[in-house]
């Protein structure tokens, strides 16, 4: 065993071993902040167990990235690069994860790049790595990119498992070992035919997690409430958008509670006490001739419509929310499968995935 | 607690309680025989952990039947009737379960009826029940029938869970509690809209279990080998078809090993030592214009084709097997769903199930 | 099913059903606050998954209380009283659960009584209950008390299971169903001999959880750091001890971060960034002639010793901490067991528990 | 991935990869026979799920042996030697595992040596190994021996996990990963202090499994019934003791059912139909002044006592059985633990283990 490794205990995988250098990364304030950012934002208002954090998810992603890189027989240097990139892939996430992201003009990937290349984290990383290699992998670029961010990546595998474990929704249980042992790295990650069923299983999991967790109608209500408040706080210059990666969940809650913006105060009070806005009307996507068009509606058109509704019913316009479910992306469909030496996209090999590809739009609803 | 109940320890659910009367049923030789009949026949040759028995499955089915009946707020008498019927629903299964069934002219349901109504089991049952009520439920008849044998019955839920637990194939893990708590009994079992996703999950599970377990290509090879031997043993009058429900797995193995039929001796030796017939050619169902037609091919046509092939290649015709995968029935699709007070078949409510309904035929292969 | 029940999804047990009235209790701000109080306080600094809350634990305790009450064949009214009492048993917990409690002059049981009897919660409860009955049960009084708070109560069973699930430490997995089905209610809860091994298992679990989780040496460091800060904040009149039940974790973190007390600012910064005080010296309890005496040392004696050490080494006395592990109480030992109609304490029946009773003091360390 | 490895699906660990050579070993009839030998003999009469086989256990032991050898940073040749030895460690087990062993004059280790060195298995093994190296490891000899057969070996870890999975008795769930990652190989396997709690957990598991599974009073009854029959069959020259390693469970059942020995016929009929002998009298070990002496009573003294009892009560002497529980060995106690560079036996480090060491004799009963 030589120098005894350090272990961290994970609720999903058990002991995960860490190198000295990884420990140093984790000890940086930038990484410690992830302890205080919930993986699923406000979803604990729907699933009370959903209190897990980006910190756990980052370590879990490192663990799976390490397993996959080892299975792919990469060099020790490559494995270490994958591990550190996976560890850092969410370092730029704002408070409440994707919830805050909806408001920002820059995606969390940009902020992640910023933290890696423009803060004290850079100094540490440069002792061992070229930070641009890490940024590339985090963004799915280069030959190693698909491992952490691609069609069938370890980020996604970890969050499905972890979200299941913490919400109690069993749909996210996937056979990640079978997937990992059937991938090879050529021009992207190629799936062996023996892994197809496990990949189908993972995609079905995500398909199920959408309406029951990630896009549950109450999830969409609390997210909308939160985002509108955050927008106002930023507009009032109470916080600055470019500093968002410095805040944790606790900061935002405190600001919402105590700042001078009455709307934010009220919304936080409603979230704290679960006095949520109510769903008034649902319009099923398939009521429209061309459902895909719904995803192209611009934000200010929605705001305008909300204003009209608020006038018709004589309510404060900030309390009318029209929300369109997120576009159901299933990049897994594009995974290349090796069947007798030729490559096919997963969606051509798999009946169930081809079927889901068509069915997914019918899931969604247009609500206010 | 009054008189302390007896518990039996199940590997899937933990402790299951039994009434005195249920214990007496289980102590009958007819029921004890189920201890010696493997639930998945010869599938332990593919999944080494698949050694579980009809005995366990029968108790598990009773357990779920009891939970569902309680949830439906049935009377104590009805609950007890469901429990006993579930316990006995497979009492007529021949050795190696469905494997032997393929050879017999009577289905196991008939034999089950025979054991319940024409053996010493009847005398015991009549102390408390009308045996015809039990036979009806086992066969899915009457208002209580769908609980044990219907579109979304407890038999199916138990075997999915149990087969997963013992094969290590995770696809069979279903959210049975969610399904059970969302069923009501009207004209058949009606599913509440809140249970739709759990029902979808159960159907997807079964869809996945088919090619990976129940109709795995090696499963089909060993089953074919076994059935052909059993046919010969019956034709040679070594055993009598009508007595099949008296035998256990051990009996048949001994007969195959020691009887005077050379073919059976050889096949048993091959199964014992895993020297299996090899797959030579696969024809995908979707190569045919009308795939459904394949399911209508008669047994003697297959035998004739096998004979021709054996002559062309100069092999013993008994070692040429053409096998068509079982027709993929998914009766769950017909489950009635209550949406705002109106009933719809599940396949209309659920995109994924409607998609699977069409995709399922593409799964299958025509092999020899 | 009549009026469809509401379900809440728990990460440990799956769906838990709620009555309309229970939902109303949960909608009160007093109960919603529990969502924002971590069950294990600061232990997420040691086990990153330990982010679960008193909210989840309260619902889980209700669930087990309900199962036990049903098994005991109590009346519907008694079952409902048990459910609501279990739901409310931790309603007075301060921020970070037991961590804050160490500082307060009143135990959380007192604050729980206050919330139940002196706040708006009382008005709601009185629609259905006599609030004194609830207070009694929460405090383990009366014939129903031992179910929620006794030697072998549902509170303890839930937290062992839940802490295991979230820390990833497997030792907390107990066979709660076996315990529950072997209890009867006479003069206290009496355990049937058939449940002894499951009770032994639960006690061993707790025995293992102490050094690895609840009294892990780092747990004791972070708790000590937090408590000293909280003490100062209270002494500075920044918060008032009697209002502690109104705060959530978020409030205290914000106060620590932003208040005028430099020590609290620094400690919070250290906790946020995991710059913890270091363990310098450990004295094993069994080095003392009479180890039990250690538990009697008074707080001001410890403070005095800390001051002396700080002077010897010329460090700020607030950064010297002497901590004695909590006294390892194992009330389970007193559980009465029914063996052939006579009652014996568990510790007399069980060799392993009698052995643990003596061994437990050797576990602990005296550290500074 | 180079040449795609073969995987076998295990119900406990999921996919286990196999080399080509390991597959060849598994394809030998000597190894295939293990498919038909139940790991827990007749215990399925007590726990209906206990149908798992030596085949599964052998593969699982190989899997853990491989993990431990890898963690110990052994060479590839050593790892392969450990894998194959673990795979073969039970190859000489007679039908129904330890049940038959009680009757034989040679232990299964001897028969294992015979199969490895004197049958066609030798020819295969010699292509890659010196068979004596394998025999040594199987017997715990040499520096690699303790991995497969020692105080804290992978054989034991696998059977605890597997027996739990299949009986549903949760006590066998151990944290094998924590144990494995804290062992080092010096003069024997040395446990790091960080693994002590996991080792305690494993020992407590085994301590609990004894009375509830392995030495459950009904287990002891069915084993005694079976052994007496087997003894008679051997005495009648129906089977020869030296050939026992050729038989599988099925053979023995058939012989018991169909041979000319009336006693064996009757006992098999009783086992088939669960008409077991009844426990009449229990004498607790601690009623004796020197309990350890009980383990020294010779078999013919017991037989003589049985004969006397049978005459007093006028029963057939073959239906009187006096059984003394097996001596509770806990070799784990001797595990060497490294604490600050010095070695101590586990029993000195661990209070709980030292306590169990004394408590274990009180568990046992003297029964007839």
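By written order: A, B, C and D. Residues from 1 in each chain.
As a working rule, a contact is a pair of C-beta atoms (placed from the backbone, for glycine too) under 8 Å apart; a residue touches a chain by one contact, two chains touch by 3 or more.
All values reported here derive from a predicted model rather than from experimental measurement.
Although chain A and chain D carry the same sequence, what matters here is overlap: shared residue numbers make up over half of all numbers found at their interface.
Seen from the Cα centre of chain B, the chain whose own Cα centre is farthest off is C. Inter-chain spacing, taken between the CA centroids of chain A and chain C, is 33 Å. Centre to centre, using the average C-alpha position, chain A and chain D are separated by 48 Å. The geometric centre of chain A is 41 Å away from that of chain B, both derived from CA atoms. Among all residues of chain C, those that touch two or more other chains are 14, 175. Interface residues of chain B facing chain D in the complex, by the touch rule stated above, are 8-14, 27, 29, 32-33, 35-36, 38, 44-45, 47-49, 51-53, 55-56, 59, 165-169, 250, 253-254, 272-274.
Interface of chain A with chain D (complex): residues 1-2, 4-5, 7, 14-15, 17, 71-73, 175, 177-178, 181, 184, 192, 194. The touching residues of chain D, when paired with chain C in their complex, are 170-171, 173, 175, 197, 200-201, 204, 207-208, 211-212, 351-352, 354-356, 358-360, 362-363.
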